[in-house]
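Going by the order they are written in, the chains are A, B, C, D, E and F; count residues from 1 in each one.
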């Protein structure tokens, strides 16, 4: 499932590139939406984010694409592979990739099977 | 170097716990401040965040402490160990730990020695 | 092209439903992203939003889907039909529909052909 | 009733003009405040926004004036005419005009008479 | 000159009342707008805020009125008296009062006469 | 107790300096955190901010240090002296100083002893 984010001035750091913290925040948000759309009627909480390597500077006005693919489905957990890409010289380019894991919980916060 | 964040309603998800994306964003911000305070007159960009495991739910109104310690200083990079703690039953408790790496760059974005 | 938005506490009004202003803001953002992804290398500015009727209350935690379809391409303008849907009783339901129009401009803000 | 908004950097798009989504959001907010100040002790929800035409670019640092005038009062609804103006060459100029409609609801969301 | 602010969930602290920091921020914003509307073509910077006493809790959903009155006009400075009021039991009530002072500066930040 | 804030583009006014309202908001936030960390298990509300004089322009990218020192402890109130400093020409410089007072309240908002 693909998600897009528009990089606005409010997301920048003072060096005129995207503040890395916003990028991290968006990974969590788009993966969470994907999990909820694919497994409705569950409560998911983020339990782990794999290591992330930022290799490319991201500028204001760019539209970034987050592609979230279910990589592993456990009895109470979901791991998504997240590929983040942008456009460089009119061609799509992978900016970085990571994984994020959610667990399904009940209203008390205890693990609950995914069905 | 210690930094504190107050968890406000604007930081919550709809399950009444801290939205994980904000936590990730704060790691980047506090480590960036630490690097700039310890190594003034440099331009740092985030290049990597180690994997993160969220083991504890964080509630509205909590004050979270981020302790950033320089773990490794390369010729052009800095790696900080980040320990995030909160208060549970009147005792300080580690919520999670990770590492974050910055590189020093010049105005063109090329790597530059840290002095 | 589909876009998703997660309704968080920061988007709510004090009556515990989505603040309508955020919904209006999202229409502009998702349509703008669609126009830029479909017609790269242009500068688009919003010139018109068709009338909007909000018939359904939107709650915190919902994931809303914005589907933007190019309806009319003029020499310097693009009109997108925007269909906004959510999930009600496990079924997708249209929440409202509208149209939004952009014009392509050059760096001085003068109209410029779309190619 | 007049309301003013100061256009700050956080409201801009990457083309250095006001992000249209913020303008739409402000229409809803100022009209909602007007309705609540003129008809206290009601619960209003936005049900419709008339079409909007953005004819003028708005820059950072501008102060925009929203003038909301009650145009039509139904038994359970209120329609406000919204005239948005700014200053161009030291003279006030209408930037655009639209209408917005609210209905009065009770705690269950059912329509309720305006008194 | 009167200005209104709608207290939304994003402005609250975790004790379900308005975060005082937002209130302080709004004083600066509304007084700044007043100064610019009354003395166009100047650059104003805030130089002083008088002491503030918060005597009343402010809840989510309230509409607060800021009334800014020019109290003293110096050759390069303006002092506004700010009266902040809300509605309690259907009657308008002063919540607190303060003063804020701006100076007029040129592009280099040097003081410049107000005309 | 020291707190740091990174001045980001989202905090600026349109004259490319820190929007004074944000600075006021941060004073409240950092003092509130200090009070809660030094006197846990209390509910504090801000009751007064002493007058503030802004003598120095603050730029984007600066890291500001807020040092909060308990100056007076009453039976139900705490007054903190806040010293705000930045770096100018590689030396730390006081930007301004003020005082902020909190009272301890119970769940009904009535004053409660600090212990």
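Things to note:
In this section, contacts are C-beta pairs under 8 Å (C-beta built on N, C-alpha and C of every residue); 3 or more make two chains touch, one makes a residue touch a chain.
Keep in mind that what you see is a predicted model, and the values were worked out from it rather than measured.
Touch-path distance (fewest steps) from chain A to chain E is 2. The set of chains touching chain D and also touching chain E is given as C, F. Of the two chain pairs examined here, B-C and B-F, the one linked by more C-beta pairs in contact is B-F.
Counting every residue number used by either copy at the chain A-chain D contact, under half are found in both chains. Taking each chain's centre as the mean of its C-alpha atoms, chain A lies 18 Å from chain B.
One finds 34 Å separating the Cα centroids of chain C and chain E. Shown for chain D are the residues that touch two or more other chains, namely 9-10, 15, 19, 29. Across the whole structure, chains are in contact as follows: A-B, A-C, A-D, A-F, B-C, B-E, B-F, C-D, C-E, D-E, D-F, E-F.
Interface residues of chain A, counted against chain D in their complex, comprise 7-10, 60-61. Taken together, the chain E residues at the contact with chain B in this complex read 9-10, 12-15, 19. Within the complex formed with chain B, the residues of chain A that make contact are 15, 17, 19-22, 24-29, 43, 45-55, 57, 109.
Listed in rising order, the residues of chain A touching chain C in the complex are 3-4, 6, 29-30, 32-33, 36-37, 40-41, 63, 87, 90.
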